[in-house]
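Chain nomenclature is as follows: A, B, C and D, assigned in order of appearance, with residue numbering initiated at 1 for each chain independently.
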Amino acid sequence: MIIERAQIITNRKLAKDIWKMKFDTPKIAKDVKGAGQFIEILTTDHWQHPLRRPMSIASFGEGVVSIIYKLFGESTLRLSQKRPGDFLELLGPLGNTFSEWNNDSYPILIGGGVGLAPILNLKYACDHHNIEHTMIIGAKNAEEHFIRNEPNNQIFLTTDDGSIGEKGTVMGPLERIALSNTNVTIYACGPTAMLKVIKSFALDHNIQAQLSVESYMGCGVGLCQGCAIHRKNSTINDRSYHEKYSLVCVDGPVYDAREIYFG
Amino acid sequence: MIIERAQIITNRKLAKDIWKMKFDTPKIAKDVKGAGQFIEILTTDHWQHPLRRPMSIASFGEGVVSIIYKLFGESTLRLSQKRPGDFLELLGPLGNTFSEWNNDSYPILIGGGVGLAPILNLKYACDHHNIEHTMIIGAKNAEEHFIRNEPNNQIFLTTDDGSIGEKGTVMGPLERIALSNTNVTIYACGPTAMLKVIKSFALDHNIQAQLSVESYMGCGVGLCQGCAIHRKNSTINDRSYHEKYSLVCVDGPVYDAREIYFG
Amino acid sequence: MAPFTMREKSILADLKVTIGKELFENPVWVASGTFGYGTEAPELVDVDRLGAIVTKSITRHPREGNPPPRIVETPSGMINSIGLANIGVEKYIKDLLPIYEGLSTKVIMNIAGTDIQEYIEIIEMMESVSSVLIGYEINISCPNVKKGGMEFGVDCDMTAILTEKLRDITERLIIMKLSPNVSDIVSIGVSAENAGADAVSAINTVVGMSINAKTGMSDIYTNYGGLSGPAIKPVGLAAVHKLHQKLEIPIIGIGGIVSGEDTAEYMLAGATAVQVGTANFRNPGITENIIDSLTLYLNESNRSSVTELIGKVHTYS
Amino acid sequence: MAPFTMREKSILADLKVTIGKELFENPVWVASGTFGYGTEAPELVDVDRLGAIVTKSITRHPREGNPPPRIVETPSGMINSIGLANIGVEKYIKDLLPIYEGLSTKVIMNIAGTDIQEYIEIIEMMESVSSVLIGYEINISCPNVKKGGMEFGVDCDMTAILTEKLRDITERLIIMKLSPNVSDIVSIGVSAENAGADAVSAINTVVGMSINAKTGMSDIYTNYGGLSGPAIKPVGLAAVHKLHQKLEIPIIGIGGIVSGEDTAEYMLAGATAVQVGTANFRNPGITENIIDSLTLYLNESNRSSVTELIGKVHTYS
């Protein structure tokens, strides 16, 4: 991990309130280990907002890293006002990665909302390694989607209102596809409510699932103990130093579904 | 007084750390009563810096107002980063004005540092009314001056290091000119140290002097009582409600030299 | 300064709140010392839209206040040490009461004394003249005067005695204004309640200091002053929430409020009304924006009355 | 992370400061709980450049800490309620002391207990093993645990007794860490001094709360947490300046420090050293920048030693 002053290459709107920003950040790009990792962005040089903002890496390549972010509050609004050529200070890459798939398993990638950022990253890896897979992306409505619904290419969109793709949540396609394939592994990132249902489904059907979770972060590097989440079935971890809680920034953000306790 | 969202027409550097910004601000411009008044600028839309920044009006005309500002801290730095077309919220016009000269008096206008802003404003008024006058502007060195030294036109520059105009303070030209004219009135704005010497000089020689002073301001409109300065020889003022202290934002910033107590 | 126009008045949420026997049009007031005597900025704010005006602390005799410098900006806040500069009670009666007769908003007089006798004397003087004042806010918590003020604010017994004596001589609202600079604000609030206060307001400013590294100078003449503004919002929220757990009487929340959302947060924590201080310096009409955005917030969250917020924060534990 | 290179080392101002019998290379330390155990971010900061590391509060037995959510950002600050999550003293001795042997920077262990006996026990355990620790910072002021902590911090007598007992069993530095959430921080500092403390550190966090208006939820599981960051700098400066008027022993200034100028301000107010907390979360290497900018500040203001700053603020009164 490193702090790098990165130049913005592009910054554009993809869908309603959803933006993509690409950075020229050679050192961090070189360090990225895989999908699931994130960076911490300093969105301002004054101290009104003392903390950085964590954002998943949505793709990375030779010298570049990109994020996909949703306008939420002041800091993400400020991100959207940046122009190509501006600089931002990044800290990263941070956190763990989705673990590699076995060659004989069938990955189902699930993204909800901006949780699709690390999922897209994982999809690029699948494509790159020619691994057959399915991707399911959920959102409220068509306005929030920027990916094409291509059931033939195993890309399924869902919307709460049916305005694009299937009406309903990601669970519709997930259940269908997971139960009609063998040796499935689920990789998911999205709102807690979604992860909770996926977890139940996976445990009920004894399906492997890796979930990327969110947590309010103070430092991103294990200093503040602020990002703790409940965790079960785990042993004392060297970095979190605790049994009951796990620090998402160092032990996560990706956890085995069986380890996470959603309360 | 009014709060107006004003568009920046120009914003450019005049000299070392000294900038000029011109606003399209019809309502405030219409209200300006004369040289000496100031505006309060909201330099940011977040609350890291809760307070506006007071700036003297350096010139005003049909629908426009300009300021001349020195880079001091964060807020003035941020002003310098604004581009034409950007908007800033202004509150003004505030405070009193230099009072009108008698037709038979000879004005000597003195500006030190960015204290020259209201003085320039006064000079425009003199020029406009064809009133003969002298202007003396002091600074540390040539780099900080952006006005031409034109002794023939009664514009005298001074510098501490003699790099342009006369070496020394404004007191050199002032003493010479004040004492060789009759019925002089001094109008001055600048650092407290300068105003203090001018005050002594004026009192010693029984010369009328109007001094524009600075004070840390909270509100600019008489609500906070923060901008108080010592004052003597005054009666209880209706706005300040006090004998010993005067609120610069409502009773000032221009005071008769005899009223001010520099401690 | 036009009133809220986004929807028809009739379908807007009800902003009325009650404290003691008084009904307020809305819970957004201006805080003592941050809005002068309410007459300073008529061009910038329509005072009749405010829930109430709390006027600057008045002492028995006029006070010049502390020498300058009196204020300085700090991160997301400011420090002040005005030192209770004010015109004194006689002039308040003579010059200001007549003006307040002409307002339709409610006026509360904030009072500061150096000993119990002085508070009593001021209220007796006020009670002996007719006026539209609806109540008194008792400043027992100003950090900027050497004598008086603070002594009461940190002591339960003194708070109780003072409240009791004032209760005896007025039927108007008595609001005790509490200091955050104490080990236990709740027990002081409890003393005020037991002694008959109609409400408490919290918080006054937090003791702070500012130094200019460049000049090596203290930024404030008296060195210590009162910290206010968004920086102290968490301190005020904690005080209000704690007080709400123990008190029956209404709490008026103060500290760092700059928006309708901030107001909602204070009310969720347990406040029945709020006072806006430092934010007035940035924009003397900000309370009008706050009222509008609070209304919008209530409508968007499907609440028909602002009172539905009071104390309704959801907690984990 | 390169050391200061703007001028020759030889002409740079001397940053050394002394506390008790210990000489520190510079006055810039990291604050307890904001730098983990000092081993977390080796890529981002050269810990050997720090004046000292104060490690996270250690309790007699490991503690899991409070349930999430534990932190939230506030205007120019943050609230935390970690609840003293820590590995306990045995694991500290076993896992961490060996690592500290390898550092050239000084290490101070911060200790928290639920009663006097627990503090004593921890220090006895530490004294019974050999280590490079130079001292103990005694946390009597954590606002985030129900039992213990705060009770001492608000009480002079308890502070005196605790300090005295600990003084009896160690010759290492004893630094009592003071709470700002009290009516009178100075008298507690005086108690610590009289009972034999080598220094006091001030301040710990200020009690605060945060509520999300959108969800109506408290942002912190325990509701109340500790406010830190630039927002509280004025509170820390006031505490340090007040303590400096009364105490002979050194004061370690804490609260909202993010720059060399902030450090200078605290030292002008009376601090002999400072601790940097929240700012580490933004940049774990920020203390290196602070050391560099402090050096620059001293050179530009023609001071040859950082000790020339201590208590030298110019005041009006």
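Just so it is clear, a contact is a pair of C-beta atoms (placed from the backbone, for glycine too) under 8 Å apart; a residue touches a chain by one contact, two chains touch by 3 or more.
What you see is a predicted model; the values in this text were computed from it and never measured.
Chains that touch both chain B and chain D: A, C. Distances between chain centres, each the mean of the C-alpha atoms, put A farthest from chain B. Here the chain pair with the top count of touching C-beta pairs is C-D.
If you average the CA atoms of chain A and of chain B, the two centres end up 56 Å from each other. One inter-chain figure worth recording: chain B and chain C are separated by 36 Å, centre to centre, where each centre is the mean of the chain's CA atoms. One simple way to say how far apart two chains are is to compare their mean CA positions; for chain A and chain C this gives 46 Å. Each of residues 67, 69, 75-77, 229-230 in chain C touches at least two other chains. The set of chain A residues that touch two or more partner chains comprises 47-48. For chain A in complex with chain D, the residues that touch the partner chain are 1-3, 42, 47-52, 91, 215-216, 218-219, 221-230, 241-245. Listed in rising order, the residues of chain B touching chain A in the complex are 46-48, 74. Residue ranges of chain C in contact with chain D, taken from their complex: 67, 69, 74-77, 79, 154, 181-184, 206-218, 221-224, 227, 229-235, 237-238, 241-242, 256, 261-262, 264-265, 268-269, 297, 301, 312-317.
Remark: chain D residues 33-36, 40-41, 43-44, 56, 62, 64-65, 67-73, 75-78, 80, 82, 85-87, 91, 229-230, 258, 278-285 touch chain A in the complex.
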